[in-house]
Amino acid sequence: MANLHIVRSSGFTHNKLRQCLQTLMAADQIILIDDGVYNASHPDMMPLLNTHKVYALQDHIQARGLTPVPSGIELCQYDDFVALTIGSDKVITWQ
Amino acid sequence: MANLHIVRSSGFTHNKLRQCLQTLMAADQIILIDDGVYNASHPDMMPLLNTHKVYALQDHIQARGLTPVPSGIELCQYDDFVALTIGSDKVITWQ
Amino acid sequence: MISNNRIAIVNTATTFDDFKAKEALDLALIFASYEMPVALFFMADGVFQTKANQNPEGIGNKDFIATFKALGFYDIDDIYICQEDMVERMIEGELSVDGAEILPRTQFKQTLNNYDLVLTF
Amino acid sequence: MISNNRIAIVNTATTFDDFKAKEALDLALIFASYEMPVALFFMADGVFQTKANQNPEGIGNKDFIATFKALGFYDIDDIYICQEDMVERMIEGELSVDGAEILPRTQFKQTLNNYDLVLTF
Amino acid sequence: MTTFAIIVSTAPTDNRTLTALKFAQALLTQGHQIEGVFFYQHGVINANVYLQTPSDEINHLTAWEAFYDVTKTPMHLCISAAERRGLTDSNTPGFSHNIAKNFTISGLGELVVLTNKAEKVIQL
Amino acid sequence: MTTFAIIVSTAPTDNRTLTALKFAQALLTQGHQIEGVFFYQHGVINANVYLQTPSDEINHLTAWEAFYDVTKTPMHLCISAAERRGLTDSNTPGFSHNIAKNFTISGLGELVVLTNKAEKVIQL
């Protein structure tokens, strides 16, 4: 099975996005929430979109005026967020 | 006159060291305190030592086991820290 | 006493990073209400505050970003944004602030250096 | 119930970054006291915690880093440090922890992946 | 139905605290069960009964209290983390109990118990 | 002799708070004057009268209180920042004053005043 990584802060300021990427396994998924949604346009995120599924919480994208999001990032709701945690082996939070 | 920049967090994790460097004027000085003392061995710090005076608070270096510090960085005490703030035009804190 | 006492409030934090943006704005407004010359600077992740179409109320906050459109009313006319930091974060088009000057980093830091007191948030 | 429930506490913060290191260690010790398998991982700025000759008491703290030498006594035997993060931060020689395994990043993350619950600090 | 434990580590001035609450609400709406919410690190400040915010902003204390009133989800407060941040469950001279009523005074051991009970543990 | 104002923004769990205190002490030892210390953002938590720490750790509340007792340096608390973090100067029903005695209840206007009085303003 695979892990879900929750990223909660901006990779432009904090090291958390990088920490997530350094522990990411091949089948893992990522969800961007809170200030983590700013990573939707972070340079480190682009190459990742070819190999990993990346979600972003729509409420948090909208609160920050970040629409439209780069293609390859899937917007989701809290219900989807819940489903992702249940569907994963374990959940790792980077905040 | 010149400014004193106080750097209080690790440039390996936070963007604060870079923010300091991006606002640094030619005659400005830097003092590393708190987790800012970890920047004594940060790659961005090395080139700076040729052009700017950089201090580090000895108490904070010792608390973190960081001795010896790279040459070019001057260890100082709280009294020196006070003198640096008085000798500068203004003090800018990056924390 | 600091002569002239022109004050720069530097925003380096995102809109919702632990209340820093709101507490910086509150301070700027107070300085202005005492008729002290105050300028706002946006750099690093602080430039995210200048994005148009933010919706703080959608996540339980007061829409303090709306105040950015009324800064002239509070006699805060000097607003500067670092161009390189905007480009790095892909911020373009309409902004949340009116009348801001977008300055290349070299000019941004020279402008900042003209102030007597610099407070960072 | 999580099967096996092997727990990894991941330290990413410096020794004195807002109490995170201390509150992570407290949690690890509690898990161990309940005889649950717990491992400590040090990565990013967390590797600074593994530096020898730190002196928390010099700046008003309890010397909680000294506990790192006694982790075996608390039945915490699995301690991993990310090699690349150590090299980047120039950490070498004697360490504050005994019996730690220094692992290249690839192995570090594979080892971490073997745990059932991962908590980051 | 999946059972969860949630660890809240962020202060009431931190917008991420609302994310934790909304996640908890979504869990219950979908029919899952929360064994407990554990407040640790700066998260403990959310239980301070005197938290005040302007009327046009969310008050995280009120929000968590209301969440408990509706759902009876156990909300545990790490007392040692709380005492460092100005909360107290004592009424001895010099102290005045200031922890909101819906929070249970706990130690870290309670987090161990939650971890064993729940199928999923989420740090938020 | 130079006059200073100091702004403290860090919580009592943050080691940087001690740095601010030590800097303030060094200023006075060298014969300079502090017009006031202003507690803002998470710095306000240092004034919570119920802060407790183990005996082998520094208690920042006690340390600042002792600093005041010796030096009479004005210590201002931004009340709006404080209320968001569980401090209150009210004794109306539902509240119980919990701000330590040596702190002066202030608003942000006081910081403007300090800024005008002091030759140097330092954020710590």
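Just so it is clear, A, B, C, D, E and F label the chains in written order, and each chain counts residues from 1 on its own.
As a working rule, a contact is a pair of C-beta atoms (placed from the backbone, for glycine too) under 8 Å apart; a residue touches a chain by one contact, two chains touch by 3 or more.
Chain by chain, the UniProt names read as follows: A, B = Sulfurtransferase complex subunit TusB; C, D = Sulfurtransferase complex subunit TusC; E, F = Sulfurtransferase complex subunit TusD.
Quantities reported herein were computed from a predicted structural model and do not represent experimental measurements.
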item: If a chain touches chain B and chain F alike, it appears here; value: C, D
item: Touching chain A and also chain B, the following chains; value: C, D
item: Cα-superposition angle relating the copies chain F and chain E, to nearest 5°; value: 180
item: Maximum centroid distance from chain E, chain identifier (CA atoms); value: B
item: Chain at maximum distance from chain C, centres defined as averaged CA atoms; value: D
item: Interface ranked first by C-beta contact pairs; value: E-F
item: Distance between the centres, which are taken as Cα means, of chain D and chain C, whole angstrom; value: 39
item: Between chain C and chain E, centroid-to-centroid distance (C-alpha), Å; value: 34
item: Chain A and chain D, separation of their C-alpha mean positions in angstrom; value: 25
item: Overlap residues in chain E, where contacts from two or more other chains coincide; value: 11, 13, 15, 84, 120-121, 123
item: Sequence positions of chain C contacting 2 or more other chains; value: 12, 16, 19, 44-45, 59, 117, 120
item: Sequence positions of chain A contacting 2 or more other chains; value: 12-13, 15, 34, 59-60, 93, 95
item: Interchain contacts (touch definition) - all pairs; value: A-B, A-C, A-D, A-E, B-C, B-D, B-F, C-E, C-F, D-E, D-F, E-F
item: Of all residues in chain C, those that touch chain F in their complex; value: 1-2, 5, 7, 19-20, 23, 26-27, 30-31, 34, 36, 117, 119-120
item: Parts of chain F lying in touch with chain E, wherever the complex brings them together; value: 11-13, 42, 45, 48-53, 83-88, 95-96, 98
item: Chain B to chain D touching residues, read off their complex; value: 9-10, 12-13, 34-35, 38, 41, 59-60, 62-67
item: Contact footprint of chain C on chain E as seen in their complex; value: 11, 13-15, 18, 54, 56-58
item: List of chain D residues in touch with chain A within their complex; value: 12, 43-45, 82, 105, 108-110, 112-113, 115-118, 120
